[in-house]
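Each of the next two complexes has chain A plus one other chain: chain B in the first, chain C in the second.
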Partner chain A sequence: MEVKKAIKRTISLFAISAKLDLVWLLRDTKFALAAILADAISNISVVSSVYLIAFRFGGIGGMSVDEVLFMMAYSTIVTGIFILFGSGNNIHISRIIGRGQLEHSFMQPLTLRAQLLTSGFSPFTGSSNFIIGCALLLISIYKLHLRITIWWILLLVIYILSTMVIIIARSYLVSSAAFYAPVAAEEISSTAIDGTWQLSTFPLSGMPYFIQLPLLTILPEGLMAWFPSLCLLGKTPMNFSEYYPLIYALIIALAANYIFRRGLNYYVKKGSNRYTPRGFRR
Partner chain B sequence: MVKYFKTSHMACLEKTNGGILYLMPDIIIKVCTLIPLIFLWQVVMSTGLDVGMSMSQMISYTYVSTLLSDMMVVKTAASGWLSEGILMRLYGRPLSVLGQLVSLTIGGWVPMLTLFTLPMAILSPIFGVSLRPASHWFFISLFLCISLGFAIDILFACLSIKLRNMNWLISRIRAAIVALLSGTVIPISFLPFGFEKILKYQPFACLGGASLSIFVGIAEPANVLFLQTVWNIILWPAALLVFKKSQEGMVSYGG
Partner chain C sequence: MLKKAQIDIHPADSAVSLTNVTKIFTQWQRDNTGKGIIKNLIKPEKQTITALNNVTFTVKKGEFVAYAGPNGAGKSTTMKLLAGMLMPNKGNISVLSMSPQEQRIQLMNRLGILFGNRTELWWDHPIIQSFEWKKIVWGISDEVYKQNLTMVTDLLGIGSLHKTFARELSLGQRMRADLAMMLLHSPEIILLDEPTLGLDVVAKRQMIDFLKKINKENNVTIIVTSHDMDDLEEMAERILMISGGRIAFDGSFSELRSLTGNLTRVVITMEADSAPRIKNGNLLSSNNGLFEYDIDLAKTSIKDLLSQLSEVKGVRDVEIKKAPIEQVIAGLYKVWGSGARIG
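Let's turn to the complex of A and B:
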């Protein structure tokens, strides 16, 4: 009964965020549409640059042009989901912590978790990349003559979820620094997420092992699109298990949970030093 | 001139105020992107397809592009000056606003040039990269590229004034330009479908990609310098005029 109530409440919170997003779209349609368009153009240009290289050279490191397209589709879907659910700095969490805005969340009659989960949902202005990604995925599936089964679709969803967990967990992990150094670490999540975005679109096929391995472990950019795409194409790279992204996601999520909670405990005792008593930001 | 130099100095110190340690994440990300990028091009170029550039030229192209990335596509504080309150600071000083923007930007380059560009330039032989320009016209071209970059950035700043501080939108469009039209990530000459013939004449192609093509010796310096000069002559007066007209529309709410 409690679970049912919690789910219902979460859905209603998503609906509130969606409503706010729709209000922006209706009230400021011209600029909202411009923002949607700019978002789509920006992401397409990033993924198309890799695709154009693949097209010009007839593939990259053993991956065919269509396989690269499939990988770019996966990457675009991940970006799409990121924008769809992360429009309120709730994934770029160091900004909220660093700016002392976590205080605002404490005043709400909701758990912090519920607020962070639902506050960035923007289905009307933030779905363009997700839709484009799905379209690219369908085109690449058609070109690759992939046999689609229920299990394959389920696997796709699981891989996308694990990629999202890795992105969010890494962001929360590094953002914990903002509890201790709010000014210096305010934008650390941008470095962790946006700074590595280009790297996550690189097909690592054909690269030496000493490049591939760190990009699957220390800096998991290979898990953002390359590794799961090849798993979905039935070509799991480097003799790794196809469950590797899931295991990695679990480990990094546990680590992030532990470190973030410690930072939060520190924060509730010490507070934020970003604002002077008169309200100006330091 | 001394005042502008001091402004640059302040911008340099501002970047390192929190200590050099806080610049490390950006440096690490840059290094971690550059090395796989070199290997990506090695993998791609090993197909042996004739694209008018050898593998060593392509790697030098990528390496220099990353080392001088701040100069290849100039980004000044004007991109976020309205929302971040920088605008108020600039208008409160007895110096030209555009002059300060240029000084602040150049000063802001210094920490990365010292902590990333210089060490990576020293380490370049390890990666088998040659950093000797094919033509000394590269330096003139780089100057024109930076100058054009400032003009384009001012136009983007005016666009943000016009669009009521839509910094997010502007930054996304800029990112798209950097990725495709400037030639700093992929040389314009590599683009398929005949795009390269059309795109090489647009102003963004005269930014980093143009200078890099002289650096590695795949373009005739005279042609590149001519185009860069023409776009500078067209865009600087346009930027100054638009900026003059836009000033009254500025609304700043940050700080």
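Let's turn to the complex of A and C:
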């Protein structure tokens, strides 16, 4: 009964975020459509450049053109989910922390987790990349003649989820700095995530080991699309386990959870005086 | 890990209770000299600020309490502690018999908070959209929502603003809309931090009348901070004054006045432009035969005053009124600032 109630409540929170997104879109449709289109073009051009190189040279580092397309599809879907659920700075959380806007969250009778999960949901203005990613995925599956089973689809979902966990955990990990240095670290999440985003769309196949290894451990850009794509294609690279992205996601999520909680405790102990009276930005 | 505040069980009629609450902040310090900058790199200088020092007070259900004090006295800190936005370093806090830090979610369903310098409205949406968002997030039933929306719309006169985008509202309109939104879930306690900040006389009047009404008719407990002491005197029955992190006064406004010696203003209109001599009277202003004095009724009684005036020739009119509360408070702040105690 309690679970049913919680699910119903979560759906209603997603629904109100979706409604806010829709009415925002309808307020000035021309402007909103232009923004959506620009966003889609910008993200597609990032993956297109890599695809065009692969097309020109008949593949990259041992990956065929269609395999590169599959990887680009994976990357676009991940970007799409990021925009779909994270448009309210709930993923780039350093902005909320740095601006002292967590106080808005404390006023709501909801757990912080529920607020962060639902407040950035924007299915109307933020779904273009996700849809394009899905279309690219279907094309690449068709071109690669992949045999699609329920298990493969489940694996795809698990890999995408683990990639999302890594992105969010990375953001929350670095965003924790904003609890201690709100001015300096207000934009740290976007710097850390967006700053290396282009790297995550590049196939690392054929790269020397000393480049591949750091990009799968210290700066996990290889886990954003390259590694999981090859796992899904049955070509797990570098003799790593195919469960590596899941293990990495678990470890970084636990670390982020610990560090973020410590930061949050610091915040409620010290407070924040960075709030700008007219700077209502959510 | 942070030491969590303990939950106190308080009598059913207690709305808010603080027991020995201490809140300490640290501030970074640095001078502008080269030596200071280098020293700051090696060993940053920090200053400890005790925002609240062993503060204890109780507010009963249905009370309208003014929470006043000079800048930096700890008013906003107290509000944030009561709303669970900050944790105390020491002491117990109970709001509606709940710990704001441990039972924040349950408490937020029964408490409303409004900061005069910020808004909870969605900036890029009409205010009715913000109200609807609140309905969902707070889980307000259709019946309660409709009833409260009608009530706040009528009382605050915001019917014509429902479709207006929050970013288009004037400060007074925005404050009314924020106040309306805060009341949609029927809070039992409302905390208002500088709600009249920047409002013109009409908007201020509307807000004060509204707050008095919901306090009286709906028995809503209200704790309000403001720099405008006249506003506070008009709204609240009780005033809690905080200075240097400590409760410096807790009582009624008349008790507060008597603390500073029962200051009274006497305006005397004379036929000629010569000031009458009043024993123990402090002449504040003179203008075309109109003379205004400060008189401490603890030193000079009304009887003595009238007897003195009866002997003065050329008196056309005498008006006796209370000294403005601002003057009383200014006197108190001055004394507290010097470290002395009153009473």
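Here is the rule we use: the second predicted complex is superposed on the first by the 274 of 282 C-alpha atoms of A that agree within 3 Å, B and C clash if a C-alpha of one lies under 4 Å from a C-alpha of the other, contacts with A are read in each partner's own complex, and residues count from 1 in each chain.
Here is the rule we go by: a contact is a pair of C-beta atoms (placed from the backbone, for glycine too) under 8 Å apart; a residue touches a chain by one contact, two chains touch by 3 or more.
Values in this document were obtained by computation on a predicted structure and should not be read as measured data.
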* Could you classify chain B and chain C on chain A, in the superposed arrangement, as clash or fit? => fit
* Asked: Looking at the overlay, does A:Leu110 come into contact with chain B only (first), chain C only (second), both, or neither?
  -> second
* To do: Look at A:Ile11 in the shared chain and tell me whether it touches chain B only, chain C only, both, or neither; answer first, second, both or neither.
  => neither
* Asked: Looking at the overlay, what does A:Ile247 touch: chain B (first), chain C (second), both, or neither?
  -> neither
* To do: For A:Leu20, decide between first (touching chain B), second (touching chain C), both and neither.
  => second
* If you count the residues of chain A that each partner touches, which comes out higher, chain B or chain C? -> B
* **chain B versus chain C as contact partner of A:Ser48, first or second or both or neither** => first
* Asked: From the CA centre of chain A, what is the angle out to the CA centres of chain B and chain C, nearest 10°?
  -> 90
* Gap in Å between nearest CA atoms once chain C and chain B share a frame through chain A -> 10
* **chain A positions touched by chain B in one structure and by chain C in the second** => 280-281
* **In the complex, chain B residues that touch chain A** => 18-19, 22, 25-26, 29, 32-33, 35-37, 39-40, 43-47, 49, 51, 163-164, 166, 168-170, 172-173, 175-177, 179-180, 185-186, 190-192, 255
* In the complex formed with chain A, which residues of chain C make contact? -> 1-2, 25-26, 77, 80, 83-87, 89, 101, 104-106, 108-109, 113, 117-125, 129, 132-133, 136-139
* **Interfacial residue positions of chain A with respect to chain C in the complex** => 9, 12-13, 15-16, 19-20, 23-24, 27, 103-104, 106-111, 265, 268-271, 275, 277, 280-282
* Structure fact -> In the complex, the residues of chain A that touch chain B are 31, 34-35, 38-39, 41-42, 44-46, 48-49, 52-53, 55-61, 174, 181, 183-185, 188, 191-192, 195-196, 198-199, 202-208, 211, 214-215, 219, 280-281
